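Multiple structures follow.
Common to both upcoming complexes is subunit A, partnered first by subunit B, then by subunit C.
Showing the complex of A and B:
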């Protein structure tokens, strides 16, 4: 068997695939955070909990109502997105005029409450979710599990569709304009408060969709979003707060960097993203794709 | 005066604790071009913002086509047929010229088509794919005016459209405003440049300290010139 840079190709490409899968989740979650931050100016610390709620929604739909995975891909984000809309209407809209700190406290507090409630009800050991696409393909240099390949492609499609929706459609133009000057956009006759509510719902639904996609790969557990969301915040900071393309490129890119670090210098694999974040902040404080306001 | 399109009575407005308007009264007939004149800080821009519903607090009465708008959010006011072109132009940097132009939704039939707007402002057509804030000041002003013509609004609120522009551009803006009046738009224009305002308006209201203190018809401008100079401090 040939080797690349002294590493067996199975190990190299295996970690590369793992990096791409992690990157897919980083990209989907940071995209939702970017959309929410851009429009609401709130850093949504509840995002990890909402990702977990997506996975749980799929698991509960399967367990109690026999709803298959493919239907859950639509239903779970819809349910969690609607819960997000209720949260925005009842709580978040009261703090837009206040300092960022209040948004942080509220969303962080909500994350703790939601995760606590799920832990209380279902424990924290985790529950398995059946793989909807068993099997895989032998590519010669590596074995590709079919579902994992699907996750990478699905995440790419979701990210690009979201980017297209925001950058190339009329509704996206409303969103971008309202991010810059909500007062004027409203004076043009556009219902900006409704736009804000829908944006939060969309961002939360994206997190939930990532959660559903993660369910067959990870154990569905109350704390599954906690660690992930820490990395995702680093991704958002590296990409540039509020930047859509920045979130997508950085999400996938950092997943791959993390995967390659596992091959070449495993002890640094848990910290490499934060090292990159520190370097980016020193060189370009607004992030790779961010614009200084 | 033709039938009244907008009537403002006893309008008071505040920014936080600051009381800016102290009882503004005036009205505009359909198809008229009326200016609000006055020194800096007289309350002209705040009056436009109050009509549009984008000041913190306002009391009094503003009726548009006979219906009260005080208490309504700005998106509803816009949908009744009032369009606003702010002093700072409000061009969106994340949108190109085409997107900026297409942003305000059509609220009534009778607005200009995008082709008509580009015919009115050929410079914009050449730069339709450019980022809105990369245009020159004059082009940005044309975009800010052009943007609200698509909506079909009956009443256009223009806040200092000539501010900071070269004389040749000011002249062009003047021609365009005349054309808009000829097309039947009702225009409320806030202007510091009295010489510009005098050439295009039907009537002038003068504001001082948050109140309308005088009304002068275009025909009476010559004999009121001394009084106007005192009001405006020119």
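Showing the complex of A and C:
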């Protein structure tokens, strides 16, 4: 059996894969946060709760209506995204003219309400979600569970599709223009408030989609997004919210760094991302891909 | 202002007789959170920096207090000092990094650091992990004051609170406080007038952290334990809520807010997660409809009553 720096390859590659999977979730969630922040100027603290709602939607659809995983992959984000649109129309819309802090506080409050209600209804211990692709491949140096491989590829595809949608399509161009100068874009006859609502719905749907993908790996529980959203905030600070590609690269990269830390120095694995954040703040305060303003 | 003095005199008399009407341990807990909220509000209300990680100072100071008093067998006054000093150092390190970004990023960075401290506390051997530090002895303060008696301890805690409150009052109405407000209102202008904004911000951050530490250490002294709850993100959120409910940027607001929230938690303790739901709902309602908080709204109403013509 060969070893790398005293670490058996199974452990190394196993943690690397776990890191990539975590990174996939960081990337998807920070992407959604960045898209929402760009358009609404709101840091969506409810993001973790919406990720959890995505997982719950899939679990409930399976449990009550026998909807298979593959259909949930489309249905759950749609449902949660629609709920997001309602939230935007009813609540968020009223605070755009205020300081950013109020958006943060409002969405924090909503996260408390949502997570509290889910805990009241379903308790705080998790429920399992059956693995839709059991089995796996023996790659020689490691065993790759099929579903985990699928998650990494799916997340990559989703991230790149989002990037394409925003950077290369006409709707994306409207979106970017409205982010730059909403008043001018409105003067061209584009319905900016509707665009904002749609953006929030899209960002929320992205979080929910991440939640559905996470359901078979993690336990579906009311608090599954609580700590995750805090890590994602650190990811966003590290990457800077200026660039879509930046969010994706930072997300995956930090996941891998976290995985490697688990191999070489496990006690620091929970805190390594925050340490990276501190270093980035020292060296490049605007974030790796951010613009100083 | 004489009306303000009369108001404070009434409040102090109320605080002195309060143990006759309410359970002292509850009052002490509320006073600790009130000081914590005031320390937080010093930063948000007067410097315009929203720290979403103030629990790290509050909770860590509790651990410092417990460790010094229990493991090192020191008297409580040394424990309190250790809590304040530890929180101040932590504030210096995290503050120096966090003030490199502004606005909403500042909130996210402090939140992230607090989460890092939380994970550290879960693993560090001296915090007792999930169990926390239990059974911190209540030793006599300065060797003479018998803090085992809840009523005596209440007056000690009240004195600590008044000291902290007076310190904050002093900061805000000093030239230092005026510069802070100038930075809050227009950082560029303060810079161009020759004030090194970052230094002022950092000093305010450290002061706020130290006072939050004083509150946390005092709470550990009262409750005789320090647990993970006090360093968790939920506590950081609670202190924001207290300041917000009471009224940001008013000096007495956070005290009112802390009493409202602690009382509410006390009555709803049996309902478990409902507390979270209600707290969240209060956040939403306040942000949407009562951004000035209780004290701010009352002050507005008072002003309108006095000058009905405007």
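As a working rule, the second predicted complex is superposed on the first by the 292 of 293 C-alpha atoms of A that agree within 3 Å, B and C clash if a C-alpha of one lies under 4 Å from a C-alpha of the other, contacts with A are read in each partner's own complex, and residues count from 1 in each chain.
Quick note on the criterion: a residue touches a chain if its C-beta (ideal position, glycine included) is under 8 Å from a C-beta of that chain, and two chains touch if they have at least 3 such contacts.
A quick note: this is a predicted structure, and the numbers were derived from the prediction, not measured.
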Simultaneous placement of subunit C and subunit B on subunit A, clash or fit: fit
Which superposed partner A:122 touches (first subunit B, second subunit C, both, neither): neither
Which superposed partner A:150 touches (first subunit B, second subunit C, both, neither): neither
Partner chain(s) touched by A:141 [first = subunit B, second = subunit C, both, neither]: neither
Touched partner set for A:163, first subunit B, second subunit C, both or neither: neither
Partner chain(s) touched by A:95 [first = subunit B, second = subunit C, both, neither]: second
Comparison of subunit B and subunit C by subunit A residues contacted: C
For subunit A as apex, the angle formed with subunit B and subunit C - C-alpha centres, to the nearest 10 degrees: 90
Contacts of A:43 with subunit B and subunit C, given as first, second, both or neither: second
Minimum C-alpha separation between subunit B and subunit C after superposing on chain A, in Å: 16
Subunit B/subunit C common contact set on subunit A: none
Complex interface listing, subunit A residues touching subunit C: 43, 91, 94-95, 98, 100-102, 104-106, 108-117, 119-120, 124, 226-227, 230-231, 233-234, 236-237, 267, 270-271, 274-275, 277-278, 281-282, 285-286
Touching residues (chain side subunit C, partner subunit A) in the complex: 50, 52, 97-98, 100-101, 103-105, 107-109, 111-113, 115-116, 119-120, 122-123, 233, 237, 240, 244, 272-277, 279-284, 287-288, 291
Footprint of subunit A on subunit B - complex, ascending: 52-54, 73-75, 77-79, 83-84, 86, 90, 92-95, 99, 102-105, 107, 148, 151
Touch list for subunit A against partner subunit B, complex: 170, 173-174, 176-177, 179-181, 183-192
